[in-house]
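Next, two complexes with chain A in common: one pairs it with chain B, the other with chain C.
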Partner chain A sequence: MQSFLDIFDIYLLEAVINGILLGGVLALLALGLNLIFGVIDVTWICYAELVMIGMYGMYYLVQVFHLPYWAAAPLVILLVALLGAALHFLVIAPLLTAPPINQLLATGGVLFILQSFATVAFGIDFRNLGIRLPVLALGEMNFSYARLLSFGAALVGMVGVYLFLTRTFTGTAIRAIAQDRQIMPLMGVDPKRIYLVTSAIGGGLAGLAACLLVLQYDVHPFVGLSFGPITFLICVLGGLGNFIGGFIAAFVFAEIISLGGLFSDLEWGYVLAFAFFIVMMFIRPAGLLARRS
Partner chain B sequence: MNRQVAFWIIALLALVALPFVHRDPYHLHVLVLILIWSFAYTSWSIMGRFGLVSLGHGGFMGIGAYVTALLWNHLGVSPWIGIPLSMATAGVLALIVAYPCFRFRITGHYFVLVTLALSGIVLQVITATRDYTGGSLGYTPQRAPSGKGLFALQFDDKITWYLIALAVWVAGLVIWRAIDRSMIRHAMEAISEDEDAAAAAGVNVTAEKLKITLISALMTALAGALYCQYQMFISPDTVSGIAVSLQMVFAAIVGGVYVALGPTVGAIITIVLAEVLRISFGTKAVGWDNLVYGVLLVLFIIFLPKGILGSVIDRIKSPRKPSRGHEQQTVPIARR
Partner chain C sequence: MPVRKAARWLAGLSVALAALGVAGAAHAQDKKIKIGVIFDLTGPLAGGGSELQYTGVKIMLDHYAKTGVDGYKVEAVYADAQSKPDIAINEAVRLLEQEKVDMVMGFFSSAQCVPVAARVDQMKRFMWITTCISSGVFDGKNYKYVFRPQAAGNQYGMMTTDFIAQYSMSKFGKEPKDLRVAIIHEDGAYGVDVAKGNEAGAKKAGFNVVLKEGYSATAPDLSALVTKLKRAKPDVIFHTGYNPDITLLFRQAREQGLKFGAIVGHGAGYGVYEKLKEGLGADANYLFNTDPISIWLANQNGMDAKLPPVIKMVGEAFDRLKPGVPIRSAHVGIGAANAYVFLDDVLPRAIKKYGGIDPEALRKAALDTDIPEGGTMLGYGVKFYGEGEQYAGQNARSFPVVLQYIDDKSYVVWPKSQMQRETVLPLPAGTTYSYK
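Let's look at the complex of A and B:
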């Protein structure tokens, strides 16, 4: 009995730590989406598909063009940032005055486009980088370096965005326009430019997430569906546009998935997370950190 | 008015007579698919036209299909009983999720994402209970012994299925029309413009929204069950989940959510497009149909938010009005 408990605890601890590591990447994804929502007031349903395109970018740069990982990553971040800006310019900008639901559905259309573009261009095979990072054994627990690296890089990315938003003029303008979009043009800030920059940053974060996720998961055209929905739920749970709420919600979700997966199949972890989300929406409709009105 | 009624009766008779004149099984197959999906898209639009954009309908459809098939395979319950049961299950689920949503005024983005979670749950539950549902590999209702086809609601000939699907589709349109002419419509339009004002005017906001959600969910579950009985094969990807939900939204919007036949036009366009691409390009067409859908969806939302049929009808009714400004004002979708 005693030995059973010991093993159980080790697994539990491992699952908890893996949950935290997963939470880092989810928080990074949520941050990008929250930034777009907070500033432009648009939900990019296709956010995870941008990540998927980024993962393909990594695959081609590393596997086909034989670039080293460290050289490919910045290129992919740049590529997805450009894609984010293009998405804003082509789809969101003409719809800025349309009802929010229409904007959301238009990005749903982009989801279809990106998914099927990937199907047509890359086929439906599962592909991976072929990079195997070693596993860190800590006592009886095993953690893959890929997860540790992702967690670290995600944290660095988030701190970078935080510094950008608080320390630079453009960053300040982005935060200001999120607070009041009517008054900022009077202050000499061009909202169109700010929106484009924000979209590019949001895209860049998706690109960074792509570089990290491709280390852990195979890429295929529908990979976005496996972590896209969870990202939206995290953002809503934290309160759309609320960065800190999203950060906390990411770790809550990651723990639920990780622990749920420990006791049963991974799918049940997701079911638990989704159910938790629905229940939380009724307890705190405006997000975890919102004060009840 | 009489002339209009006569026109619809003749059109309906022509549709009923069609399979007896034109027996090509492939064409009938496509028509049955169009009718079943039209019914599903109509169900979605009954909610969607009032700004209640749900991405949970994939979940309702999945419940309709899987509950019916599971009851038949594991307990031998005839679909005649299984379909009402599956519809009831979907209805109860809809109420459980929708009641708090409406009670706590979860609208706009938040409503979309809560319903997204719902279809996510259904998809994951189907995949997780793979011992019973076959998981992502799909599921086949057992063939009924010969002579018990009616009991099992399994028919081999396409004409029967065509007539069943036609009847259900017409029923969907009748429900649409009944709602269109009822108080619910006025109440829902008031709600979608301004919930507080509607409540102040004496509309029971929560109750009206629940009614419309319940009707929509029940119809969607029926569509799922019919699809399962007709195709005799279901998989989580074809009847549930976010992709199916988005597919419904897409087709309804392309056809036009504000007119009764809009979702049907959407279904015709999407299914015919998919079939044409499949036939002319074969396996190379994988992905192309969705690519075209996606581009169309984006273009439609930007340029024709009322959909093809809605815009055409507008054009006929008021040919001189500049269409752009007109479209903008008639998109009654709730703002948060």
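Let's look at the complex of A and C:
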């Protein structure tokens, strides 16, 4: 009994809170991907690679051009937003009526193009922003400000996207077109413009994620491999296109990884998380918050 | 008239001899050895040290491309394994079957070495491993055509536990049995093998192993591992990792307030000091790395006299390629030194003693290798375990050393025979991770 109680120590609490903070990082990543899928019905497999390009943008602006972090961040968000719009214009728009597998393969192709482009353009070295944020110490527990920032940004981003979608004309048009893409042109909504705006917002959210991730991770051409698959799984677990579902799924996934890793080997945390995903796909194939049909 | 006739004969003979000479020279120039070189030039392993190893091997092959070896031209064909074992296997087979290379050389990742060695030996082709260290490549395999002058992973693990055991009392004030140690490692063939060596060494030394755990080198989060380390309170952490995971571990350890007496790394990411410095800043000071000695740090007094000029040549070539690097990477030296052993010792013997460069001649020449300690740029000697032995193909005379980075310089601190300065142990008070 005592050995069982021993696990309820300060480190367990630290692991729970770290899980929540990791959830913030994952939720931030899932936000843009969910928006794109919810509206355009296309999955950007290359989403994490857009984040990678944004991280390189931050590195060069801060380390090479010596811009302050706060000045570089809006530029990077804008850059990745433009990239998102360009991705839609050049790759997705011509394939909008194509079978989903073609769209998936096309964005998969963009993934490899972006990785190869980064390898050629920036080299294979790991780059570090060199900014070390202070640490929040609470007794024996310590937490990273970089992660707290990501967590805050995920919350603000979530609320911001929600307000944009519900309180603005463009947002309403985005929601409307997500519900019925055939009927909306008859009501005076230009779907091409809406898709482009949505892609730019999705890209901007990838840029925001890049600004925060670059504080926690080295950037290299393959950094997307660490996040891409997990982000995709979280979106599917939450229900592709469902913001709230994605947000909750990110925290559930992160807690399983964190606590699973604490009580067993770190790798088991990931195994448990993926096993949970598979089980949920049987129980709730449309996502955590989907209603039973 | 007979004189004129004799002169004509003489002139004719001279022309014939000259023509034969030219033909002979042309024939000698036609002889060449094509060497397929495989490293990770893209993907996460490229920046983790593979590209530097490739640089070292290429410097040496470029040098021999100019001079040739005993009448043979040296031609290299390079391939990128893209940090993926399946690509490494495919590239090795492609080079051997389509590019018609005579042998393959290189290989950074142990996860690639293990399957590639099996495939190449099955094809009865010659393979010279310059870099990867997993003892699993050879353990019980009894390969005939695969050779590795490089030290093995279990030697790395044992060397560092030996080092810490030696200083347990004097530096930590604890008997080895009271010293709390943690063994953490990336969970590929490389990390697992070194960790096995750590575990065997810890058992031998009698350490109290408070945590042993593997993790994926591409894991996006190591905070749970850091929390476990905080709970386990180790005096010393033995760590084997590549590069992104090393900096992630240190960053999260700092953020979560992990404290310890020392962390001892084992090659790969720990061998790329400038990246550690860029990622960790001042916290890179006093880190340990276990690797074959840097060729630029090796004691040249006890070294074969032909080697110092070669070391100088490699250093100058490296400086031209990467100007301004504070510490010349040990990785470059390892690649260059192990390629040199083949080109300077094995290949000439295969040509002269065994009549050519076919796999059988190269194999016999490799088995004849008998270089005493001090006979390579890395300080160790070379003698391969023979057929029927547990580690057939592995160099029996290789050994790594423990290096410590102090104030942007790298020093050998173990073993005593190679020691360049007294080690700084445990981490000085006031440093980020110090538990003092």
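What we mean here is this: the second predicted complex is superposed on the first by the 280 of 293 C-alpha atoms of A that agree within 3 Å, B and C clash if a C-alpha of one lies under 4 Å from a C-alpha of the other, contacts with A are read in each partner's own complex, and residues count from 1 in each chain.
Here is the rule we use: a contact is a pair of C-beta atoms (placed from the backbone, for glycine too) under 8 Å apart; a residue touches a chain by one contact, two chains touch by 3 or more.
All figures in this text were calculated on a predicted structure; none of them were measured in a lab.
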Clash-or-fit label for the pair chain B, chain C on chain A: clash
Partner chain in contact with A:F143 - chain B first, chain C second, else both or neither: second
Touching partner for A:L75 - first (chain B), second (chain C), both, neither: neither
Which of chain B and chain C A:M281 touches, first, second, both or neither: first
Partner chain(s) touched by A:P94 [first = chain B, second = chain C, both, neither]: first
Which superposed partner A:L233 touches (first chain B, second chain C, both, neither): first
Touching partner for A:L111 - first (chain B), second (chain C), both, neither: first
Touched partner set for A:Y270, first chain B, second chain C, both or neither: both
Contacts of A:L225 with chain B and chain C, given as first, second, both or neither: both
First (chain B), second (chain C), both or neither touched by A:L22: second
Part of chain B, among the options 21-29, 39-47 or 201-209, whose backbone runs into chain C after overlay: 21-29
Overlap of chain C and chain B interfaces on chain A (superposed complexes): 116, 119, 124, 221, 225, 265, 267, 270
Residue ranges of chain C in contact with chain A within the complex: 41-44, 46-47, 51, 83, 187, 213-216, 218-225, 227-228, 230-231, 243-244, 247-248, 251-252, 254-257, 275, 278-279, 281
Residue numbers on chain A that touch chain C, as the complex places them: 9, 11, 14-15, 18, 21-22, 25, 116, 119, 124-128, 130, 132, 135, 137, 140-144, 146-147, 216-218, 220-223, 225-227, 230, 254, 257-262, 265-267, 269-270
Partner chain A, residues of chain B touching it in the complex: 51, 53, 97, 100-101, 104-106, 108-110, 112-114, 116-118, 120-121, 124-125, 127-128, 241-243, 246, 249-250, 253, 286-291, 293-298, 301-302, 305, 331, 333-336
Chain A residues within the chain B interface of the complex: 37, 43, 91, 94-95, 98-102, 104-106, 108-120, 124, 221, 225, 229, 232-233, 236, 240, 264-265, 267-268, 270-271, 274-275, 277-278, 281-282, 285
